[in-house]
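Chain lettering (A, B, C and D) follows the sequence in which the chains are written, and residue indices restart at 1 in each chain.
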């Protein structure tokens, strides 16, 4: 009788790539929950839209590339990309923002480089940068925290706003984004930057009414949500500690140096850690295995490099948040980092 | 073989080791062990199978056989002769040698190697073993030779000849007994230690006598408490000055701690430098099974004729460890221990991490076969389809050699051998930890094995190419030299003649010579055709004369063709024709201008055919097999010819048939005589060759 | 038999036909060896100025003119140029021609001259021109050289225009905006407004967009070639 | 105006003369005489010395490639060697001329050998040993598989046989494992 011939090892760990992706998606839930709690259901709508588009464009490109469809879709990487883009864009951004971003991420950044495992750049962040550069207005218009809404927004209102730009009552997104006292809402980092540019010091900004009216508390909570999700990922060993710790430590150290140098012009380390997309980036974006460094030393260096870029751009650059740029720039350095941080092979001496 | 050790362990390091400190290695995994399936039952004898297949080829080389087909052999009788590197293969039961042929080996490739097949008589009569209680009176060389004659190789799995490992006895500081058995499922060493602790300690003292190490460490994983206890008991029994420096080191269960290099790192904290042998550090390691075999060989005088094999996996009804005679067909074990195959059944030789699968049971148990795993599909499911590498780096985390498996995969896929070398593929120990953890189910080890095999064959080819280049250059130089030599010889000959001529004239004085020369000159002007005027002319004339004489001789003998080159061309054409038959024969003809050559060639071809026919007949008488081969070749040629013909349009065939006649007639018309002569020569030649062959 | 036949046929085929023909030059210049999307030469102006069709057309015409003129001149003097110093001589000729073009554009299409800016003098360093001079004009007769200049220039201009058009449509929703700067006031009519939207795809107007669209054009060309070869 | 033009022409002329002089000098001074590329190309070639490329050996072919000969004329090297050559020469890979065959070595059917030494003379790497009227044999380790000995043999007793697959040179192809006991006599 003939037996099956196959290659060793015959025992394997039973965790697959798709399970990893699924775990990452599950760990995003606390952050997403908090985000939609503060900013309304628009966020969930964006996620629904972006994931649908991600799966559709993945299917389309796989047909064009004549690759197996079902098994590739099942790996969950396209879904994850879609969700990450949706989290990053403003909740009531027009529908085509999410569509363009997702299509670009899946087709251009991932599949045109050869599919899962081959892309140089993080698809979600590359798409975010594309959107930010191309559509700066839509991408920086955040709606205020729900408690500060001048109008009450129903689910239908939000769906309508997303697809037509107006609520059922005929208010435009721009109008929604303007809070009670007529100030345009933006992210705390945005607000701080604008105020800095107009010559105020940090302490003045933090005490100013427009800052207090901004969604800074909400953003802090959201960051906390992603931190919790990230810690679960660490506990489950889906991600390894090197990158998040290196990145967060880097952010703290670099921003502390800047803060110590001039506290009037530079925001504090704590503010850095809990604003913008710091936690999302540390645990969910930078740790994307495909585009991150793979050696131990390399991962630490990669995290620190990204942190340095983030702090530099946030403090002296032209954009309020810099995570996406930092990720892309660090991605570019990965082959170089990997090459120079190879571990010493057994027997090469210590 | 002897290396000059430079990194020997120092006294402090040895003290540190014996004080109980131990280290760890990078990476590693914790697979499911499943050892309890087979570790409880005591070792049974598997019995005598109806026939034994003992592979005698070692590393691709066949040793000198000491038996012939039909010989009756006894258990323990040597089948092969030992050479420097090869150990003796002994018969593992008594019986008759029924065949010496290539049989499938217990090797992942399933390829056959030269084997001796013994039909057993069931009596298990053995040669007389000479017990030797006082081995200490013997020299190391004698003991090592005894081990070689007992056919002992490393029984842990790699199968490195033990006598070679022992040959480095000069500078050994630390002897490690590898009883780690880190592979899941396998319990052969575990059981052996539980049941034969005393013998193992005896074996260790034999090794201690040969190697004289300062320290002996028995390394056992902590998942074998019974074995540890047994060895401890045995050691206490032996409590004497000898066992003072033998320590038992219990190490944490952690795959692949049983790998030689990793175990050395655990015990000593030292890494074996790349491309170096552990003996460089003054360390030698022996498997506990090997130690047991050494004890039997030296003290009891028994050669290695059986080994302990773990039969495990849910598809075996009767699991456990059995003592199996080397050469027992695995099918016999499967039948005896109630193996019930399930859907898509696998049969794994060795452990599930580093073992290999075999496709059928008609292979013999060899000395390195420590375990047969027959898992059910639930136990070890088929690996899910391979997905793209997401560079998660899990593999690098667990790699005990601290390689970057994801980079190696990349370069293995792109067949970039220089990059693979740069990333130290050769340091891979193929432990399978990377593939074990890979979430994309990539069979990394398989890729590395293929890449390694390709690299080694590329290396071999490069070496071969280099040799070929050197040989080619030597040959070119030699031919050039021969040409020069010929020229020099000719020159020398010419000069010699010159001298001779001078000598004949040399008796007279110079003036007379000058006068004579002047006279000769005058004469030469008068009669230029005959008397040479000066030496140069003379030489030329001589040469011409020689040439003429040669020609004449050639004509007379009517044998040697005037021009070798022409002959070669003609011969080549003739051969081509003989091969291509009439149609091809003809298309060649117009290409050749010299009609006589053509005719000669045709004639020769005919003669050759005849000769071929004759030789076939001769061969039929001498060697039936060969004639069959020739017949097959002929048939193939005929087929090819027919095939060609079918391809050709009818017209071409017509013309090709028509043309030879026209040519023949033209030849006949113009040069009838020459043709006939040439043909005659050719026929004569053919006849001669035919006669010679007879 | 068959062996012999193939031998004969291979012998009959001449090794390589060095003779040039007009169709071959045209085919090579415009499609097969297009300087822009196959040889990837002159990427600097190609990516920098193609944000509108007008700019692309202006630079295309300027390059085309310089190419024809330089190819002709170099072909004329090719047998008098010492091998060792041919490159400085070619550059000198090209530089003079570019200066002429720059002065002409300054005189007649001033607005375009301003918007193209540094990229007009940079034509001197355009690899396409020196490349054609070195590899073709200096080895072939005048008529072929001039035709080669025309065809290569045409191939380059076509890529410029294609890129310019796609970027203009994506970024501004218009076509031929500002064409009057090149062709005079009458051409104002040519400007098309294809669609109007609150927000345009700004990226297309920026250099990264140029790279991406360029990549897509190259992919398209390769796809067509693949189709044809099948 | 005229003076301006004259100045321009003069300046450019001087510049041209200076740079021309520098270039002319360096083209003589830094002239590369020998071509190390031939050695490198020779190292890539498989050294079968089979002459299938039309050159009498690998070195001459390497020389020819350096002089612009096609890189696709080495069937024993196959696609891999052609690609290496293409990379070294910085040119596009081409389709191989002639087909790539599996590796073969010569085998003399010794009972039919008449000891004519013709194959010995033909062998480019001296891989056949024997003497006149003595049986010849091929040193398998040295044979490059060039098949140059096959044609000169007057008794057609040389066969090109494929290299036998053994456990030593097996390349881990799991799909080729026989599922039956293969017994060879």
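Convention: a contact is a pair of C-beta atoms (placed from the backbone, for glycine too) under 8 Å apart; a residue touches a chain by one contact, two chains touch by 3 or more.
The shown structure was predicted, so the numbers you read here are calculated from the model rather than taken from an experiment.
Enquirer: Between C-D and B-D, which chain pair shares more contacting C-beta pairs?
Expert: B-D
Enquirer: For which chain is the distance between its Cα centroid and the global protein Cα centroid smallest?
Expert: Chain nearest the centroid of all protein C-alpha atoms: D.
Enquirer: Give, as an integer number of Å, the spacing between the C-alpha centres of chain C and chain B.
Expert: 61
Enquirer: Express in whole angstrom the distance between the two chain centres, defined as the mean CA positions of chain C and chain D.
Expert: 40
Enquirer: What whole-number Å value describes the gap between the mean CA coordinates of chain B and chain D?
Expert: Each chain's C-alpha centroid was found; their separation is 26 Å.
Enquirer: Cα centroid separation between chain A and chain B, in whole Å?
Expert: About 57 Å, centre to centre.
Enquirer: Give me the residues of chain D that touch two or more other chains.
Expert: Answer for chain D, listing residues that touch two or more other chains: 174, 177, 179-180.
Enquirer: Chain A: which residues touch two or more other chains?
Expert: 2, 5-7
Enquirer: Going by the contact rule set out above, which residues of chain A touch chain D in the complex?
Expert: 2, 5-7
Enquirer: In the complex, go through chain D and note every residue touching chain B.
Expert: 42, 45-49, 57-59, 109, 111-112, 114, 124-127, 141-142, 144, 151, 154-156, 165-174, 177-185
Enquirer: Which stretch or stretches of chain D touch chain A in the complex?
Expert: That would be residues 174, 177, 179-180 of chain D.
Enquirer: Given the complex with chain D, which residues does chain B contribute to the contact?
Expert: Answer in residue numbers: 59-60, 101-105, 107-113, 359-360, 362-363, 446, 449-450, 453-454, 457, 461, 464-469, 471-476, 571-572, 575, 615, 619, 622-623, 626, 629, 689, 692-693.
Enquirer: Which residues of chain C touch chain A in the complex?
Expert: 199-204, 206, 208, 212
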